[in-house]
Amino acid sequence: MTARIGVVTFPGSLDDRDAARAVRLAGAEAVSLWHDDPDLRGVDGVVLPGGFSYGDYLRCGAIARFAPVMETIAAGARAGLPVLGICNGFQILCEAHLLPGALTRNQHLHFRNRDQWLRIESAGTAWTNTFQPGQEILIPVKNGEGCYVADERTLDELEATGRVVARYVHGNPNGSQRDIAGITNEAGNVVGLMPHPEHAVEALTGPSLDGLGFFTSILKHLAGAPA
Amino acid sequence: MGQPEPTLADYPSAPVDPAGLDTVAQATATPGELQPYTELGLRDDEYDRIRQILGRRPTQSELAMYSIMWSEHCSYKSSKVHLRQFSEKAPPSDRMLAGIGENAGVIQVSDKLAVTFKVESHNHPSFVEPHQGAATGVGGIVRDILAMGARPIAVMDPLRFGAADHPDTARVLPGVVAGIGTYGNSLGLPNIGGEVVFDPCYQGNPLVNALSLGVLPVDRLQNKAAAGPGNVVVLLGAKTGRDGIGGVSVLASATFDDASEQRRPSVQVGDPFMEKLLIEACLELYDAQLVVGIQDLGGAGLTCALTETAAAAGTGMRVWLERVPLREASMEPHEILASESQERMLLIVAPDRLDAVLKTAEKWGVPASAIGEVTGPESGVEPGRLLITWHGHPVVDVPPGSLVDDGPVYARPMREPADLILLQADRAETLARPSTPEALRETVLRMIASPNLCDKTWITEQYDRYVLGNTVLAQPEDSGVIRIDEETGLGVAISVDGNGRYARLDPYNGAKLALAEAYRNVAVTGARPVAVTDCLNFGSPEDPAVMWQFAEAVRGLADGCAELGIPVTGGNVSFYNQTGAAAIHPTPVVGVLGLLDDVTQRVPMGFARTTGADHDLIFLLGE
Amino acid sequence: MPRVVVDVMLKPEILDPQGQAVANALPRLGVTDVSSVRIGRRIEIEFSGQPDLDRAREIADKLLANPVIEDYSIRLADPEESTP
Amino acid sequence: MPRVVVDVMLKPEILDPQGQAVANALPRLGVTDVSSVRIGRRIEIEFSGQPDLDRAREIADKLLANPVIEDYSIRLADPEESTP
């Protein structure tokens, strides 16, 4: 049976169709989930896509966190449901306290869209297991508030427990502490990533095909997961 | 906020005190009342025409409406006689599903699909408040595209600023770029190209043009006609506030002297989040076939939307103005009619579809209110009338066509600029040329470091070019290329170009050159050019020299299109880009759209690295 | 050292999409008795010497507020006013 | 109707790039006696009935401030406090 991956649409989500396309290209079925409906429709994993949920007014992700679908997702995530938050999705995961730390205004104060090199630091998560640790990949980054911050203790703990998933290399696009581009929770099922793997899944439209790895990883994870 | 949106039933039926309200009855009873029509930009003969049409003096609200609709911006009164050439000289095209006069031109590109694109200006607002001015410029052009039934899928932004090192450029440019970026990025529309040009002539008049592209299934094409008496008029989107109530604020004070501080025209502030919701709501309404007609609310707000939809169908309309949801309760009828509040659309809906429409609006969190209904022609012969009441009192009673189609048309005097001969005599051939390798090297370095030629990444990386996942080419390419059909690989290429310096020297050929450049940029990607849009940025039409430049540029563009065999499908005229007596260079900006049957075959501009081959051959084509 | 506080708010007639978004979100949190939310900026300026209101006003005019759409007010922070 | 004001500021240890950008621009305006600028949010809440500080605190805790990076303070707007 093909895996079913849910993609949530919040008011103001923008990369939901792109995330669904990436899910399909990886060989899974993309299932649309709606912010106002707590029903996860039996999906095997969830992607919180990029965009400006609720306009990203106040703080990015602050309002989306209270959407009915987030309650179910948060409960599921604590019970092991794989969740990938991309950009705005990462911000929502932090606001919902499913991941530590916060994403703040880029230090140069501009929105920045460029093709960005990352180093995969942890291949042990549900969303990165098809990468090699240390592998460098090229995917687009585009955000105005992508600067990851947390207190020193949290940062040290993330490093010590291998929970930094990806780091910016060859230049940090937003001032993130310790060049952090993505992190995971203790169990490795919840991953937040600032850059956009769903924009690097087709040779015609992306800078590489490196983004596909995140979506094939979840399939591998689900195939290997005990039923 | 907090409270639910009031519904129709919540409105008080008790009439307001009509004292102080300029009703139709009041206007009839006080024919000699002085009205500030000059302050509103109307000429004596124009005011007389209005009185003639109405058979009485206009009410305050009517005067506001005529002043808006008969303004240069809405009536094209100075440009109309010239723009006709675009249709007259246009080659026959069976692709065009909607052309000039619609919100945007629509071109059929396959059995199933059509695209629509248009470029528009938001120059003056972007000088006053760069961020919001530019942002709402993007918002406005995107609503034009949406109104045709299309999903907006990309934006472009041809920009012109004063000198790069002028302090005011440091105020204007970052705001404009941030405004375009914020609005387009928040809507999820990839920015696939544009221009950045610096020239001192734009110092007090930066040009902020914005282009949007949309795609629609052929059978989803919408139009603006308010057809079908009995149909409901629905206002969808943001609440109405005192945004951009320009000259109309004059009406607020009976003595026409200092309008109170409160009444000053306020800058329109964009809410891209609301616009994103509006887009999704409208597309859902179209797909469910719930709307009969639709029109975006642009610069002329409700006034334009009500009169244009009614005039397009020849119907009348009855509007209960107090049903318009307001941001400020104290707004008066003429202010509501003139408000330029952003993120609003006017829908015409069959009564039995109203519930479904309101439900879709609610799903997307977009306010929607039924504010009126379409009425039939009174005697069965006459076109209908637009009757607007305010708490039961008629404040507007006009034939809608008189505002839309019967506005003044001027053949303004034209004269070749006196300095043109001198300018043309100062030929480039007379300049010293670099003759040594060192001088050549120095010249090349100076050129590539100049603001007009240097890398534009510092601007373009503030724009999202990846969203929607269909961007095939964007900066630094000569054309943006977008895949519009994932199944068939159908794609479009668009380029926007203009050169005010050429046009200053020779507006006829300058316009042709802009067209040729955009055409070439599209063609070199491998696309077949099929349609043109243009934004004509000029000084004051009341200056015969500017008017001459304008006429020449239009003639050039129309001739160029005829020679190349592609039609102009829509565009925009921006006059009065002028500081004192100094006009900007005449700046026609031309967008060309081309088709790629198989977008994977597009040709990018860089030399491709061919594996296996040790070198490429380079050819120069043309003279 | 006392600070100068500059409060910058959108003019009342100007649309405040941020405040509106927050107001619209409140019912979801069970809050129904809020009639309006406006969001602006609070800027704290610390001087190396004595706080200087005139100087602060000059900074506000030039850098902190956009007079086309915003109003501001300036005051010395109360000594007891906790830094939030 | 009195309003409740919630001031939200970044915690002192969190970098404030906006405030820093303003501080860095000051010497160009001839201002050299400012030692620090911090930029936060000022949120004005209007209740339909009596202003309710506890309610406002609840909203601030849940929504208006992110405790990971921000502190906030809450107060009734002084009646004389002009809306800026």
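Annotations for the structure displayed:
Which chain is which? They are A, B, C and D, in the order written, and residues in each are numbered from 1.
Just so it is clear, a contact is a pair of C-beta atoms (placed from the backbone, for glycine too) under 8 Å apart; a residue touches a chain by one contact, two chains touch by 3 or more.
As the structure is a computational prediction, the values presented were derived from the model and not from experiment.
The chain pair with the larger count of C-beta pairs in contact, out of B-C and A-D, is B-C. Each chain gets one centre point, the mean of its Cα atoms, and the points for subunit B and subunit C are 35 Å apart.
Inter-chain centre distance (subunit B to subunit D, centres taken as mean C-alpha positions): 38 Å.
Rounded to whole angstrom units, the spacing between the C-alpha centres of subunit C and subunit D is 6.
Between subunit A and subunit D the centroid-to-centroid distance comes to 30 Å (mean Cα coordinates, whole Å). Residues of subunit C in contact with two or more other chains: 17, 21-22, 25-26, 29, 33-37, 39. With touch defined as above, residues shared between interfaces to two or more other chains in subunit B number as follows: 2-3, 271, 273-274, 365.
Contact of a single residue of subunit A with at least two other chains is seen at positions 54-55, 57-58, 63, 66.
Interfaces, counted as pairs of touching chains, are A-B, A-C, A-D, B-C, C-D. The touching residues of subunit C, when paired with subunit B in their complex, are 10-11, 13-17, 20-21, 23-24, 26-27, 32-37, 66, 68-69.
By the touch criterion given at the top, residues 54-55, 57-58, 63, 66-67 of subunit A touch subunit C in their complex. Every residue of subunit C that touches subunit D in the complex is listed here, in rising order: 7-9, 12, 19, 22, 25-26, 29, 31, 33-49, 52, 55, 58-59, 62-64, 71-73, 81-84.
Those residues of subunit C that touch subunit A in the complex are listed here as 17-18, 21-22, 25, 28-29, 39. Within the complex formed with subunit B, the residues of subunit A that make contact are 11-12, 14-15, 17-18, 21, 50-52, 54-57, 110-114, 140, 142, 144, 196, 198-199, 201-202, 204-206.
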